[in-house]
Amino acid sequence: MSKPYVRLDKSQAAVLLVDHQSGLLSLVRDIEPDRFKNNVLALADLAKYFKLPTILTTSFESGPNGPLVPELKELFPDAPYIARPGNINAWDNEDFVKAVKATGKKQLIIAGVVTEVCVAFPALSALEEGFDVFVVADASGTFNEVTRDAAWRRMEAAGAQLMTWFGVACELHRDWRNDIEGLAALFSAHIPDYRNLITSYSTLTAAK
Amino acid sequence: MSKPYVRLDKSQAAVLLVDHQSGLLSLVRDIEPDRFKNNVLALADLAKYFKLPTILTTSFESGPNGPLVPELKELFPDAPYIARPGNINAWDNEDFVKAVKATGKKQLIIAGVVTEVCVAFPALSALEEGFDVFVVADASGTFNEVTRDAAWRRMEAAGAQLMTWFGVACELHRDWRNDIEGLAALFSAHIPDYRNLITSYSTLTAAK
Amino acid sequence: MSKPYVRLDKSQAAVLLVDHQSGLLSLVRDIEPDRFKNNVLALADLAKYFKLPTILTTSFESGPNGPLVPELKELFPDAPYIARPGNINAWDNEDFVKAVKATGKKQLIIAGVVTEVCVAFPALSALEEGFDVFVVADASGTFNEVTRDAAWRRMEAAGAQLMTWFGVACELHRDWRNDIEGLAALFSAHIPDYRNLITSYSTLTAAK
Amino acid sequence: MSKPYVRLDKSQAAVLLVDHQSGLLSLVRDIEPDRFKNNVLALADLAKYFKLPTILTTSFESGPNGPLVPELKELFPDAPYIARPGNINAWDNEDFVKAVKATGKKQLIIAGVVTEVCVAFPALSALEEGFDVFVVADASGTFNEVTRDAAWRRMEAAGAQLMTWFGVACELHRDWRNDIEGLAALFSAHIPDYRNLITSYSTLTAAK
Amino acid sequence: MSKPYVRLDKSQAAVLLVDHQSGLLSLVRDIEPDRFKNNVLALADLAKYFKLPTILTTSFESGPNGPLVPELKELFPDAPYIARPGNINAWDNEDFVKAVKATGKKQLIIAGVVTEVCVAFPALSALEEGFDVFVVADASGTFNEVTRDAAWRRMEAAGAQLMTWFGVACELHRDWRNDIEGLAALFSAHIPDYRNLITSYSTLTAAK
Amino acid sequence: MSKPYVRLDKSQAAVLLVDHQSGLLSLVRDIEPDRFKNNVLALADLAKYFKLPTILTTSFESGPNGPLVPELKELFPDAPYIARPGNINAWDNEDFVKAVKATGKKQLIIAGVVTEVCVAFPALSALEEGFDVFVVADASGTFNEVTRDAAWRRMEAAGAQLMTWFGVACELHRDWRNDIEGLAALFSAHIPDYRNLITSYSTLTAAK
Amino acid sequence: MSKPYVRLDKSQAAVLLVDHQSGLLSLVRDIEPDRFKNNVLALADLAKYFKLPTILTTSFESGPNGPLVPELKELFPDAPYIARPGNINAWDNEDFVKAVKATGKKQLIIAGVVTEVCVAFPALSALEEGFDVFVVADASGTFNEVTRDAAWRRMEAAGAQLMTWFGVACELHRDWRNDIEGLAALFSAHIPDYRNLITSYSTLTAAK
Amino acid sequence: MSKPYVRLDKSQAAVLLVDHQSGLLSLVRDIEPDRFKNNVLALADLAKYFKLPTILTTSFESGPNGPLVPELKELFPDAPYIARPGNINAWDNEDFVKAVKATGKKQLIIAGVVTEVCVAFPALSALEEGFDVFVVADASGTFNEVTRDAAWRRMEAAGAQLMTWFGVACELHRDWRNDIEGLAALFSAHIPDYRNLITSYSTLTAAK
C-alpha cells in the first residue's frame, strides 16, 4: 500500500526551474535569502554537472515580478526558456509542456517561487499525467512556514517525492567512484561545512 | 494510489466562512493577529473578486463568542447568514447545509475559527458527503501549533486539500490575462511585499 | 481512499489515561508544565462531565516513575485502576484490556506520558484489534518535538485520529443547547481566554 | 547613576520617518511584512493624531531603493520631505537637521529602515547634540534579529529610549479623558485584538 | 559604578497589580495564557502569604478593557482598589500614589498588563521618586517579544530590577526554616514540576 | 487501509549504523551536538543490551568524511564493518546487503548521517525488498529541519516507521520484569532526567 | 565609565557549585537536559583540571530537592560541602561564606540551579562584598528563558561578568603551550564537534 | 552618563580577523553556515574596498583547528598574518599587538571564531588599552545563542560597540556620492535582496 521507491536516474531526469525572478524573490520568507540563493544555485549547478535537460520559465518578466535572476540565465544559455505571457500554472502553457515532453524524460525535478503556486501547480499537473515528480524543497520558497507546509502536504498527498538538492545530487550520482573530484567540487561550492572538511583534509595530506 | 489533482474552478467553488467572531478571535494564538486579520480579509476579498457564492455562519453571537466581525458583514450584505443557535458542527445545522447545497457547487473553500472544531468538523462532514474540500489554512486559527497541526492531519487524512489564500486565488484565476489589474489590486491590498514591487515598478515606468 | 469520518459519540467512547505519574512527568519537555497540567486536567474533567467510562493505569508506581498524580486519583475514585507490574505496553496487560473491553465502547480516547511509548503502543495495539483510536495530542507529552512528531506520524499512519482536548469536548457535545452552562464551565476552568470572554460578557449583561 | 525618566510630551515631540522606501522594505526580515506595515502606519497615524511635527526623508529614491511608500506621502502632504542625494546618515544632511531644528522640539521619535543604519546613525547623532531620542522599535526593521539586537544595544548604550508605537501613543496621551474616541479609533485601526474588544462591547451595550 | 544589591525585604515591600483586566488580557501574546494566569496568581498568592500590602488598580473597567479578573478581587477583598477614570500611568492618579505611600514601604513589586505601559510608566515614575522598583517580568504581559524586550530595557536603564515571581518569593522568604510548609504549599500550587517532586517524596517517605 | 502494527521484536531485529563519521558529523545541524552524540550512543548501547546483530558501514573513511567515531568501533569490535569504497546508498554495496541478509532478521533499525541520503536511501531500498524498516529519527542527523522533514516524509510515504531510540528500547523490552536493572541502567546512562529520578529514589529508599 | 577588564586568573579563582540537586534539576527547562548535564560536568572537570578550590553546597538534601548529583560528589570528595539547613541564599550561610573566604581567592566562578535564586542571590551578595563574580551561564539553569534573561540582567547590572564554561577554560589557560594535551582532553570530553576534529586529525596524521 | 557616539572613520579604522579556521568553523552553531560564510566574506570585501589595514591571525593552524579559510588568505596576500603558536587571547601575542599598533589606527573592527574567546578576549584587552572597539557580531560565531549573548553582554559592558557588517560599511562610506557603483557592487555581492532590487531596477531602466 506504500509508495514504491522511484529512484532518481540521471538518464531519466529533467529539471524545471520555475519563476526564480528578481521581484518574486522578495516574497520568499520561509528561508533566509543567503541560504535560498545558495540552494537555487546548487540545484542549477547540479543540473549542469549531471547534464540534465533543464527548462527555465518565468511569468510576466516585464512587470513587477521582474526578470529571471541573471545567474540562471548565464548558467543555461541554451536551455528552453518559456516566458509565459499569463498562465500561472506553467503546465497550462503549451510551449512549456512541449519543452518538457521534448526532453523525453519521465522524472521531473521541480523547484520554484512561490512553492504553493509556481511549484505545486505544475507538480500536480505533471503527476496527473503520469510523470514522477521530485520537489526540491530547499530550492523553492514562499511567504511563510504555514504556506510551505500546506503546499508540501498537498503535493505529497498527490504522489510527489519531497527532496532537497543534496539528496538529489547523491541519488543521481550513485557512486563516488563515478567522479570524485566533480562531486566534491559541487559540494565544496555550496556547503561551507563540507568545504571546511576538504580544506582541513587537503592541508593535512599535502603536508605529508 | 495517490490523490488525484482536484483543481479549484471558479465555476464550481463556494466559500464558507465559519465563526470569525469578535470573541472567539481572542482564542487564536497560532498566528499573529495582524497577519490573521489580513488573511481573512484577503480570502473574503477574493471570494468577492471571483464572485464565488459565500456563506457566513456564527455560533452564539449573543453570548461571549461575540458577533461576526463587522468587515465580513459589510463585504457580504446579501450572503446567506446562518446564526446557529447551538450546533457546534455547522454541518449539523440544516439551514447551513441547505445553503451550501443551494449554491450548486461541489468545491468548498472553508476557513474559520477555531481550526480543529469550526473548520474541521464541517470539513469532515462535507468530505463524507462527497464534496471536494479546500481548507484555507492561513485564514483559520486556533489555540496553538500543536492543536493546529493535529487538526490539519485529521482533515488531510480524510481527504481535504490544504491551501492558503494566495494559492486559492492563483488556482482560481488561472491566467493573468483574464484580468491583470484586478488580480494585482487584490495582491497589492493584502501582500505588502507585492505592493512594494508594484510601487517601484510603477514609479520607474511612469518616469520614462 | 481517504479515511472515513469516524465521529466521537459520547455513548460509544471511553477514556484511557496512561502513566501520568509524578516521576515520569519530569521527562516531558515538548510542552510547558503549566499548559500540560491544565490540558491533562481538562481531559479528565471532560471525561467526568460527559460521564465517559475512564480507565487509569500506571507502570511501576513504587519505583522512580512515581505514583499517579493525586488529582487524577481524586477525580476518578471508582475507575478501574490497573497498576501494571511490568508491561510497558498497557495493552499487553490482560487486566487492562479486560477493563477496556468491559466498557463495551468502541471509541478509545487515549492520552499519556510518554507519547511514543505509553500512548503509541496501546494505541497501535487497539487499532490492530479494530478499535477507533483518538489520541489527545495536548494531554500527552514526551522528551522533545522530534520524538513527538515521530510518534504522531507512526500512530496516524496506523489509522489513529489526532485531536486535542478542546476538539474532543466539542465533538462529544455536538450542540450547545444540550447544556450551555456545563460546557461553558468546562471551558472557563481550562481556557483563560475563554474565561475572560465570559467575565467581560457577564459583567456587561449583569450591568444592564 | 540610572537614566532619569524623560517622558514623552506632545508639546515637545517631533517624529522622524527615515527611509521607508518600497525597495528597501524588501530587506526587512526581522518582522513579518503584515505586522511591519501596520506598525509603520500606526506610528504615522499617531503622529497625525497628536499633531506632532513630522519629517520625511529618503535616500536615493530614483535608484533601486525605490520611492517612499505612497501611504506616508499621502498622510503628510505638507511635511518637510528631504530626499537625500547621498548622505547615509540623515543627520549629515543639512536640510534634514535644519528641518528637525525648525520644529523647535527636543524629543525626537525615530523609526526607519534599516534599523542599524537609517535609524541608529541619526539617533546617535541627535543624542550627541543633546536631543532626547525615542526609537520606535516595532516601526523599524532590518535584516534579521542579530542585526536588530546589536543596533538596539548600540543606541541604548548611547542613551536612546527604546519604545514601541503603542507605548508612544499612551505616553503622549496621558489620560483617556483627553479624548476617548480618538484614542480608541487609533487602537481599533491598528490592533485587531483591541478592535474585537470594542466590537463585542459596542454590540452588547447597544443591545441594552 | 554597578548597581548596589537592593534586596527584597518583606517588612519593606508592597505589591502593585496594575490592570489585569479581562479585556486587556486578550492583548497579551508574549506568554501562553495558561502560564500567564498561573504566574499572576502565584504573585498574588505570595503577596498574601508574605502579608505584603497590595494595591489593585484598573483603567476603564466599564469599557472594553473589562473588569479586573475575579480571582484577584477575591484574593484581596480589603486591598485599596483604585479604578482609574482615565490616567494611563497609574502614578498620575493621586489616589493611587497616596495608597502606595500610605503603605509606608520603599520597595515596590510591580506587575501588570501591558508591560510597556501599565507596568513601565508607574515603574519609571516611582523610580524617579526614589522608590526601589522590582518588576515581576513573568506576571506582566504584552503584545509580543519585541515590545516586551524594549520595555524591559527602558525600565532597566532607569534602575528597575527585573525579577520573576519565584525569585521574589525566595528573596522575601530568606530561610526555609521560617516556614517550610507554607513555602512548599506556595510552590506546589504554582509549579507542577515542584508538586511532582513533593508527590514522589511524600509517597516514598510515607511508605517507610 | 492503514498500515498494520508491525511491532519490534528482539528476535527479529537488526541494527544498521550508517556513516556516523567524524567529518560528516560536522554537517549535522538539525540537532544539538550534545544531544545527538548521546542519542547515537544510546542506540548503540541498546543494540548491545538487546544483543541485536549490528552492522557498521562508512563511506570514504580515508577522505574528508573522516573515520567512524571511535566509540562505535569500540562498542562493536566484532560487528560486520563495511567501509564502502564509493556507493552512496549502502544498499548498492553487495557486502553490506549480504551482511544484512546474513543476520536473518526481517526488522531493520536504521540510523545514520545524513538523514536524507545515508539513512533514506538504504531505508527505501530495504523497504522495496520487503524488509520492515524502523528509522531512529533522533540518532540520525542532517543539515537542517527542512531537509530532515522532507526526508522523513519520503521514507514514511514508502512505508518506514519513524521512531526514536527510547521507543525502540521500550518496544523491544516489552516488560520491565524481563530485567529491571538492565533497562534502568540504559535509561540512567542516557536520560539525565531519568537518572535524577533514580538518584532521588535510591537515596530515599536507602535512607529507610 | 565602562567596566574594566577583570580577567580570570587561575591563581585567584575559586568555583562555587550551588544546588545541582537531583530534584531541583527537574525544574530546569531553559536548556536541554543532555546539554546541561554536559556543561555542568565540563565546568567541574575544568575546576579539577586547573586545580581551582571548589565549594559544593546544597539546600534541603533530605527533602524533595534531592541529593547533590553523584558525579559532583565523586569529582570533589575533599571539597568543602555545605549542606545548608535552610538559607536560600548560600551567602546567608556562615559556613559557606567562611569556606569561600578560606580559599583566599578574589574571583568567584559561580553556577547553579536555579539561576535567578541559587546563582543570583550569592552572586549579588558576593559583589556587594567586593568579590569579582563570573557567572557560568550555561552551567546554570532555570524555569524558562524569561526567567533566565531577567536573572542575567539583574546580575549584570550589579557588576557580574557573564561567561560560559568554554570561555572560562580559555581565559584561565591563557596559552595552549602550558599544556596542549590536557586542554585538548577537556575539550574532547565535552565538545563533540571538537572531538570530531581531533579524531579526523589524529587519524590523518597517524596515517602518515 | 551615556556612551558618546564614536563614529567609524575610514582613516582611523583597522580590521582584525581572528581565527576563521576550517576546523574551528565546525564549532559555530549560532548562525547558519551559508549566512556566516557570506558575512565573513562581506566583511573582508569591505575591508578591501575601504582599503582598511587588515590583520589576520590564527591559533594552531597545524593542529585540529585547521588552516585559515583559503578565501581570506587570497583576499589579503600582503596583510600581516600572525599564526599564534599558543596564545589564546591574540592580544597576549606581541607580534599581533605590534601589528595592530603599526597600523596607527585607533578604531578596531574585530570579528572571529569563537565569539566569547577569540573575539571577546582581544576586544576586552584592546578596550583596556584605550582603543575604540567595534565588534562585527554577524561575522563572529560560536557554539549557541546562550554563549553568544553572554559574550556580547560582557564586551558591551566593557565599552565595545556591537555592529554588523552592513552597518560598518554604511558608517565608513558616509555618502553614496563618494562612490555609488563600488558600494552597490559590495551590497549586490553579499545581499541577495539588494541584488534583486538592482536587477529589477537595471532591467527596467535599460528597457527605456
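Each chain gets a letter, A, B, C, D, E, F, G and H, in the order it is written, and its residues are counted from 1.
Note that in this section contacts are C-beta pairs under 8 Å (C-beta built on N, C-alpha and C of every residue); 3 or more make two chains touch, one makes a residue touch a chain.
To keep track of the chains, here are their UniProt names: A, B, C, D, E, F, G, H = Nicotinamidase-related amidase.
Small disclaimer: the values here were computed from a predicted structure and weren't measured.
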Where chain B and chain E overlap in contact partners, by chain label: C, D
Specify the angle of rotation obtained when superposing chain C on chain F by their C-alpha atoms, rounded to a multiple of 5 degrees. 90
By Cα centroid distance, the chain farthest from chain D is F
Report which of E-G and A-H is connected by more C-beta pairs in contact. E-G
Let me check something: if the centre of a chain is the mean of its CA atoms, which chain is farthest from chain C? H
Whole-Å distance, C-alpha centre of chain F to that of chain H, is 41
When the centre of a chain is set as the mean of its C-alpha atoms, what distance in Å lies between chain B and chain C? 31
Centroid from C-alpha atoms only, then distance chain B to chain F, rounded to Å. What do you get? 43
Chain centres from averaged Cα atoms put chain B and chain G apart, in whole Å, by 54
Send over the residues of chain G in touch with two or more other chains. 1, 3, 23, 26, 32-33, 66, 144, 191, 193, 196-197, 200-201
What does chain H use to touch chain A in their complex? 22-23, 25-26, 32-38, 62, 66-67, 69-70, 191-193, 195-197, 199-200, 203, 207
In the complex, chain C touches chain B at residues 1-5, 7, 31, 137-138, 152, 156, 161-164, 166-167, 170-171, 173-178, 184, 191, 193-194, 196-198, 200-201
Which chain D residues qualify as touching chain H in the complex? 1, 3, 23, 26-27, 59-60, 63-66, 85-89, 92, 114, 116-117, 120-121, 124-125, 127-128, 143-144, 146-147, 149-151, 153-154, 157-159
Quick check on the complex: what are the chain H residues that touch chain B? 197, 200-201, 204-205, 208
